[in-house]
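In the two complexes that follow, chain A is the common piece, with chain B as its partner first and chain C second.
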Partner chain A sequence: MKHKTFMAFIWPSLLAMTLFIALPILSVGYQSLFVEHEQILKTAETCGPFGCNSQVSIDAEAMAKQRAEQPAGRYNGLGTYTNASHLAFGEISEIVATSKDFNEIRNRIMNLPFYKALVFTLAYTFIVTPLVIVTGFFIAIVVDSIPKLFKGPVIFFSLLPMLVTPLVGSLVLFWMIDSRGIIGAALQALFDDPGLSLKASPTLTWITLFTYGVWHNAPFAFVVFYAGLQTVPKDTMESAMVDGASRWERIRFVTIPYLMPLATFIALMQLMDNFRVFEPIIGFSAAASATTLSYLIYNDLRAAESPLFGSAAATSMLTILGVVILLLPVLRRNWREFNRKS
Partner chain B sequence: MTFFIKTSVAVSALIASAGLASADCGIESGSVRILSNDFTAARVVADWAEKCASDTVQVTRNQTQEHKNIQVPALSTNPAKYTVAMVASNSVVPLLNDDLIRPLDDLIAKYGQQLTDSQKIVVDGKIMAIAFMANSQQLFYRDDILSENGIEPPTNYAEFFAAASKLQEAGVLAHPVSSNLKPGWNVAAEFINTYLGTGKDFFEPGSAKLAMDQDAAIEALENMKTMTDYMSADWATYDSNAQKPVWEAGEVALSIGWGSIAGSYIAEDSPSPDIAAHTSFAAAPSLGDHGIPAVALWWDGFTIAKNISDEDAEASFRAMMNGISGDMLAENQDAAVWLIDGYTPTKASSGVLENLKAGARPYPMLPYMGLLHTALGDNLNEFLQGKESAQQALVDVNAAYTAAATEAGFLN
Partner chain C sequence: MSSPALRKPPSLVALSTAFVLFWLIVAAFPFLWTMWGSFKVEGDFFSRADWMNALTGPVTLKQHGSPFTLDGYEGAWIEQEFWKAVINTGIVTFFVVTISLTLGTLGGYALARSGYKYTFWLLMAALVFRAMPHVTLVSGYLLPFFQMNIWGYLPTTIIVLVAINQPFTLWMLHSFFLSIPKDLDEAAMVDGCTRFQAFRLAIIPVMWPGVITTGLFSFLLAYNDFTVTSMLLSQDNLTMIPKLNGFLGSTQEDGKVMYAVAAVVSAIVPLFVLILFFQRQIVSGLTAGAVKG
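== the complex of A and B ==
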């Protein structure tokens, strides 16, 4: 394609990407370098229905002046990135200095909010992604082999988990695993343990969230693989059959190699998607046992009466950095293949 | 013919009710735009403010649980999107911090004769908000279950836990207790309740530096942990909405919950009328020998935006005066614990009023209280789940609060 033609096609999406992706990321990055102005406090008599006392309040006029002079706030450099709520450099060096052994160091670092969230996010990403690919592949193989008559309805039902809004899907499951819900009560009966609650123990909550992740994402992998299966070359398949390959050998030596690029594509999408896992944490009320990076951002913006924009921005930038690091191996592989071909 | 009669009766009834609905509030003109939380009492007040609508006075409202998140941006514009923001002890703080609401002294002098002094929220000598109802958590108990087992309603936590273990041992209920311990806002509110019950303060006077009394904080945490021993294994997912069905299923006999929803527990349309009939309320239990209910008192009220015309401010204030008028009160005695003159307490309000009488302390209306609330909400659950010590939980709270307060400019 000529350079000019290429540009003519690409410029609308380039423009949209600059406006809606690049600029917002830059502004978030800029925001993460600033914190609020120093608050000017005054003490005054405050009265309400439950009596009077002397209380601190903010000198709003003086603050308004400061804000007018420097709307972005106070420059803080990378201070927000390194504070206790994020990378916690100070805390980590103290932990390393005062701990007895490696185990204690690890436990204490895992207690820092950012690292706690990072560990769950990574665990979720690396457990759910491969399971989604495998599950999706098997659903695709099975659906491909059922009689034509049933294919339509089966495909529709297999896609349902993906069609449900993540928050709604997780809420539905949340009530089903309640000790009064159908799954929760069934598990209690099965294990004969009336105290069994999927919501109570951290381990079970993690497993629940992973299961939800696979349930929700498998249809995506299924659709992609199923589409790929329709294009598996018939002659290769037939010659394999003539050579006496069993069904398993045909899958192993014809289908899987042929679908490998699709698996890479799904892995890429799923790594990105799962790294920003958020809705199930809210839907399952799981924050006691599992937090994610996206949940930290949400918490900074929504939990307090006044949002902590700097803190949320710093976590956002760190999340983007995390996604880039995760995708590097996959992208590098793609790049090498591209170079080999050309 | 009958159709014609029916229609004309219906139409004239509509006209008549419309005529009744528009009370004459004496407002000449202006625009009243109300932003508020969404619960029964707030709806009633807005309904009555809306009755001031006329050809020249527009009254609109947005009642949403998201009000806390939109109030600051909505009132920052000039003119402000809303003229009235209904607030509570905590949500008034960001409006004060950003100087978005106007002093009401002049309006009260002209139109606020009905207000009592205790309704006026005074900050730095100026009246910044009008409170119309009080709220707090309280004890909910099943009087039938307690009396069948020879238990008096508990007044302190020692009695509370004794009652709970008696019910458990007698095999009456496996998990007789419930309380809002969901991580985040709820568990923090529970800690603040309990800690206030020790009589100690959270901060160094006149500063944002966190200075919780270590022993008192640990006492409060241990108390909360004991509570979980008597709760269903799902306690970490309990908030107000999750607790109510458990109560209505008859699985719980003692519960700490919000006074503002007490009315709905004993309402005639309750899904389990037998349980509703035997639901009683009392002051929250006190902690140790401190003697005051371990609970924070809250008020709900309204503020008038700063960035609006004086005409709209006057119209808004007068419409809200109708919203919290004696006539409104007469029809809605049981909708809340009203702070309005002429209120006669009902059964649903008994818990909150007993808290008030017994000297419970108010939720601190400090600019940095919200930051502490968030830090508590994020860091107490590991202790309650038995994964870390109370000391470590407090260290984590301190670290999270200090980081947030430094970023917000309260600490250096």
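== the complex of A and C ==
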């Protein structure tokens, strides 16, 4: 296809992606270098019959003017990146200097908002992803072995947790684990502890969120593996059987190696999706015990009086950096393949 | 298939049946439970006394004279004006699906038929774009949109969702067009068609299966979106999901959780219907990326 025809076909797509994906990333980078204007204060003297007193108040007019002149705020360089709510270099060196042992260092660093979110995001990504692959694989193996008649309905219900909006899905579960909901009440009865609440302790909240993650994502792995199972070569399977391989050995030495590329694909998709986990935190009202990088950004933009654009932008840049690091192996592999071809 | 080698021992059959049943309950029960419970009052769905109350509904019976009530739906749809959000969702999903499919088919076709190096780079860029957390992009939009005074309107959100959707749409349609033989449009061009005529006359008639599958996923993205819609729409223009999130704050404290429950069920039902009709396409779409790499 000629360059000109190619452009004629692709320009609307390219324009949309440039304007609303590439430029915003630049805009985030620019915004992260600025912080909100300081408040301009004015002193007004009010004199009454009992003498004068001066009152300090915010000069709304001057601030509005300043905002109109410099909408992004005042220049701060990399200050926002290193402040206490982001990378917090100052705080960390202080913590390391003043803490007694490693545990204390860890606990105090975990109280810094950025590191708290980063640790949870990474934990979620790297715990949920393997669990999803394993769970999905098991469901696929079992569903593949049931009579054909039941396969359709099973797949129908399996798709639900994945296709339902994360916020809606997490709310549905959240209401059930409420101490007055069915799962919450059942757990209380099971452990014979009327005070038990999954919302109370950070550890339980983490476990709840991981469980939600597996519940929400396992269907995806299941469907992909299930489709893969349909294409496992019959010849190989039969020769394994002739050689006397047991059921388990056939799965271990024929099915699993054959499905490995699919597992890589699922892992890639899951890493990307789990790294931006965000809605469950809202659905489970879990922000007190677990926050994620995306949630931090959302929270900054939702700040009560005025959005903290600078702070949100700095977290965004660090998140994008994380995504790129996560994708590097994939990009490198594609690059090698591409070079081999040309 | 009934050769003795393939016959399973009964213990294995029992085990796998139990596992399938267990998975079915895990996957479907929460939704059925919430749907059933949405027709009760709060005292039953969140019962302090006995969880069985959510099934039988004694409090609902006492308050309304029947074990089912539409109170939650009435409150959510009429009093809290959820119907407006439903209409907004309809508008947003319709336009997002139409526009992203139009742009996507053109772009995906070009990517599939051009052999130059830049197609590789475009596809890699699309992959990186697909991995961007949407909220990082939103923090880039807000300030410029405030400045340009286009914040809060449906068209802005539609365009943004279309753009966010493009990388995925391009990838999917690109691999779909690769599976349509090149000879088809090249034969048309030998017969004197221009590239665009060949696309219109030879490709469009055979591309619908792929377009429908891709369209389903565009629909899901627009329908399920929370990040973009909650940040970019003003209070009057909210779509279903952010509207529902609004129910959780103050409404929940007023003892009106059932409004939120009813709204959640209202948002789930269309997805139920969608899966019912398009199960095959959804499954094939999920696996398309995997099988073709």
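Annotations
The rule is simple: the second predicted complex is superposed on the first by the 287 of 342 C-alpha atoms of A that agree within 3 Å, B and C clash if a C-alpha of one lies under 4 Å from a C-alpha of the other, contacts with A are read in each partner's own complex, and residues count from 1 in each chain.
Note that a residue touches a chain if its C-beta (ideal position, glycine included) is under 8 Å from a C-beta of that chain, and two chains touch if they have at least 3 such contacts.
What you see is a predicted model, and the numbers here were worked out from it, not measured in a lab.
In the overlay built on the shared chain, the residue A:62 is in contact with neither chain B nor chain C. Within the superposed three-chain model, A:41 lies in touch with chain B and out of touch with chain C [touch as defined at top]. Contact with chain C, but none with chain B, is seen for A:157 once the two complexes are overlaid on the shared chain.
Contacts of A:28 after superposition on the shared chain: chain C is touched, whereas chain B is not.
Within the superposed three-chain model, A:113 lies in touch with chain B and out of touch with chain C [touch as defined at top].
In the superposition on chain A, contact of A:197 is made with chain B only, not with chain C. Looking at the shared chain after the overlay, A:178 reaches both chain B and chain C. In the superposition on chain A, the chain among chain B and chain C reaching more residues of chain A is C.
Residues common to the contacts of chain A with chain B and with chain C across the two structures: 178, 180, 285.
Interface residues of chain C facing chain A in the complex, by the touch rule stated above, are 5, 8, 12, 16-17, 19-20, 23-24, 26-28, 30-31, 33-34, 45-48, 51, 54, 102-104, 106-107, 109-111, 113-117, 120, 122, 124-144, 146-147, 159-160, 162-164, 166-167, 170, 195-196, 199, 220, 223-224, 226-227, 231, 241, 244-245, 248, 257, 260-261, 264, 267-268, 271-272, 274-276, 279, 282-283, 286-287, 289-291, 293.
In the complex of the two chains, the chain B residues touching chain A come out as 68-69, 72, 89-91, 93-94, 96-99, 118-125, 131, 134, 174, 182-185, 206-208, 232-237, 249, 297, 299, 339, 356, 361-362, 364-367, 370-371, 373-374, 377-379, 381-382, 385, 387-388, 392, 396, 399-400, 402-404, 406-410, 412.
On chain A, the positions that touch chain C within their shared complex are 1, 3, 5-6, 8-10, 12-14, 16-17, 19-28, 31, 71-72, 138-139, 142-143, 145-146, 150, 152, 154-161, 163-169, 171-173, 175-176, 178, 180-182, 185-186, 215, 219-220, 223-224, 227-228, 231, 241, 247, 261-262, 265-266, 269, 272, 275-276, 278-279, 282, 285, 293-294, 297-298, 300-301, 307, 309, 312-313, 316, 319-320, 323-324, 326-327, 330-331, 334, 338, 342.
Of all residues in chain A, only 35-39, 41-52, 55-58, 60-61, 63-64, 74, 76, 80, 83-85, 91, 111, 113, 174, 178-180, 194-197, 199-200, 202, 285, 287-289, 299, 302-306, 308, 310-311 touch chain B in the complex they form.
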